[in-house]
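The chains carry the letters A, B, C and D, assigned in the order they are written, with residues numbered from 1 in each.
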Amino acid sequence: MIYLFSAYTVAWLIIFSYLFLLFRRENKIREQLHFIEHCLQEKKNRKMVR
Amino acid sequence: MKRLDAILLACSAVCMFIALYMVFIWSPIEVKMGVVQKIFYIHVSSAWVSFLAFFVVFICSLLVIWKSNELAYHIAGASAEIGVVFTAIVLTTGPIWARSAWNTWWTWEPRLTTTLILFFMYIGYLLLRQSDGERNKVARFSSAFGLVAFINVPIVFMAIRWWNSRLHPVVFGDGKNQKGGGVEPEMLLTLIVCVVTMTFLYVVLVRKGVRIARMKEKIKMYMEQVYTHFS
Amino acid sequence: MIVLHNVQKKLGMRPVLRHIHMEVKKGECLSIVGPNGAGKTTLLKVCACIHQIDAGSMYWNGQDVYKQLTEYKRNLGWISHHHFLYENFTPVENLRFYSELYGVKNCEETIKRWLKIVDLYVFKDIPVRTFSKGMKQRLSLARALLHEPSILLLDEPFTGLDQDGVQLLFHLLQQEKEKQTAIMMVTHDFSHIEKISNKVIFLHKGEIAAESVQTEEKHIKEMYKTLVDER
Amino acid sequence: MNIKQIWMITKKELYYEYKEKQNVMFILVFALLMITTYSFSFTITQDLLKQITPGFIWIVTIFTGVMCFERSISYELHNDCLTGLLVAPIEKSAIYIGKAIANFLILFCTNVIVIPLLFILFDFRYYQHLSLFFVVMVVGLFGFSIVGTFLACISNKVLFYILLLPMVSPLLIAGAQSTKILFLTENQIHDMFSWLKMMIAYDCIFFTVCYWLIDFVLGE
């Protein structure tokens, strides 16, 4: 029984930590992307004003 | 795009609960090995996913080499990563089962060893993808390796099988997935449900990986723009 | 001599070269200028058949280049700021290897003649690794020209060249022009263009942005500035 | 495939090694050092010796090979000589095969020196089936050079080790097993032939695949 339990725990642990990692990575990159897009947009606006 | 993702995620969640129910409550307990046999479901289904993932890597690598297809390259990357993760599951659940069934953590049995080598090869593949250099070059190189690695798998399997059967007595019968006697239909059904669940999960994960890779690409492109503005 | 018709080259998904139409005639020297990442070196590599083109066509003496690839490559000379020399070989051995690759007739005599031209005959039996940078560059000129190419591709040839080397290079290029060699040159150094070129092409984001037969330094600088600012 | 072009590359490669003798010396000394370490790390009896020598021969081969392959590409990249070769009127596959053959010859020569030394140093007497052992060695080294050179073309220094070892594991198993059969159990000689067949199949498969792939990989 203990083996069964540990096997499933390990498996789910691996899957969920991978999922967690993936989500974190996605959020990080999305943030970066928004930041850069924002910067570029601002730059463009400033150019137009000038 | 978004909607399909939601549907897929919902599907895999529903399947997951059904699978869990079937594995732990519905399916009968195996006579010889007892309750431990239930490890088998997750073990086999993750093995299936990892092989599927590596097969996808193979196909996508071919597309990259042949047609220099960008999407295929992203899919290959996401797929290889998932493959490695699921191989890790196979490699941890396998020994746990082995410990209870055969009273040893590890044997140099063909399937186990092949999986281990597979694991190393695809870690190498992922490292190769992350190596620095011109993007197109890295894509070509890693795809070439993805192709060669997949071709190597059956050869490794054959080699190890011969190696074992010729010189060691065969202790554990024909492979580790041997189930005493025939398979109960309930067990088979449970297994199928598990495999389907894992496949859903795989598809969801690949889509997510591809999305991340694309965003990374976009960032790189923007960065180039920013740099040219400032230079 | 060489005609490129609507040539396209992609690296991955990103098009690096688009709609390239150009022609280099015998005895003509064409300079290619443009900002970093405009695809200059890629264009040169396409002309050298290191990269295969994705669309369009390339002609040499009125015939498709890819149908007479070996013959075409035999007539190709490539000079770059890397000198392509094996450090542990002596000048003679280096030149001998390359002349063998190109199938040069009476190779010993040709090597001797070229070593005298680049003024390295005294050092002919000393390993290249002991040479100064300027000497290596001079030797690399001999290496590129010893099979008497009828097409010459130069990839930023002035980088790292000392004053004497520049003089020698000009002298050699002038000679080649008189021998009706077609020359293509990628460079950042506008001051050298007017001395040798008949035509300038401005490359921007993989497209030919402008062409000019005026090759004075001032004129090129002005055009370059307006082009880069405009876009 | 153009024999003349391949030969030109091989000749240059071998001549380069000849000029830079220290490289071959490195490989030889390294192999000998491995033998020495081997004698330190085990208390060797004649019986044990017979058990581990076949595997040890192949381990030495792999480590010396890794050095050899890695170098054969790295000096080509040093002054961008590879571009020089790509511009020249030869096929890409000729460059690769020429290099692979040169590596094979170098490895073979080192083995010809190292293995007899191994036998002498450990007083390992073996005279039967020398020709068969020779054949096994040639087939194994050939496959090894083909895969090794290819992987050296597509990877950098550090990664190369990680990529190579799993890739040549079938060859290693087959080589070590067939050598073991030759050394220890001569009555099972027919088993050796099936291992040999496997090695030949490995060589053929990877030769074809790498030959096809190299056109897409080199120079990109």
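FYI, a residue touches a chain if its C-beta (ideal position, glycine included) is under 8 Å from a C-beta of that chain, and two chains touch if they have at least 3 such contacts.
Note that this is a predicted model, so its numbers are computed, not measured.
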| item | value |
| --- | --- |
| Chains contacting each of subunit A and subunit C, listed by label | B |
| Most central chain, judged by mean C-alpha position against the global CA mean | D |
| Chain centre separation (subunit A, subunit D; CA means) in Å | 44 |
| Computed distance of Cα centres, subunit D from subunit B, in Å | 32 |
| Chain centre separation in whole Å, for subunit B relative to subunit A (CA means) | 22 |
| Separation of mean Cα positions, subunit D and subunit C [Å, integer] | 39 |
| Residues of subunit B whose C-beta touches two or more other chains | 136 |
| Per-residue multi-chain contacts in subunit C, two or more chains | none |
| Where subunit D touches two or more other chains at once, by residue number | 220 |
| Every chain pair in contact, whichever chains are involved | A-B, B-C, B-D, C-D |
| Complex interface listing, subunit B residues touching subunit C | 68-70, 73, 134-136, 139, 224, 228, 231 |
| Residues on subunit D engaged by subunit C in the complex (per definition of touch) | 8, 12, 15-16, 19-20, 75, 78-81, 83-90, 219-220 |
| In the complex with subunit B, residue positions of subunit D that touch it | 147, 150-151, 154-156, 159, 162-163, 165-167, 169-170, 173-174, 177, 191, 194-195, 198, 201-202, 205-206, 209-210, 213, 216-217, 220 |
| Footprint of subunit A on subunit B - complex, ascending | 35-36, 38-39, 42-43, 46, 82, 85, 88-89, 92-93, 96-97, 99-100, 201, 205, 208-209, 211-212, 215-216, 218-219, 222-223, 225-226, 229 |
| Residue ranges of subunit A touching subunit B (in the complex, touch as defined) | 1, 3-4, 6-8, 10-11, 14-15, 18-19, 22, 25-26, 29-30, 32-33, 36-37, 39-40, 43 |
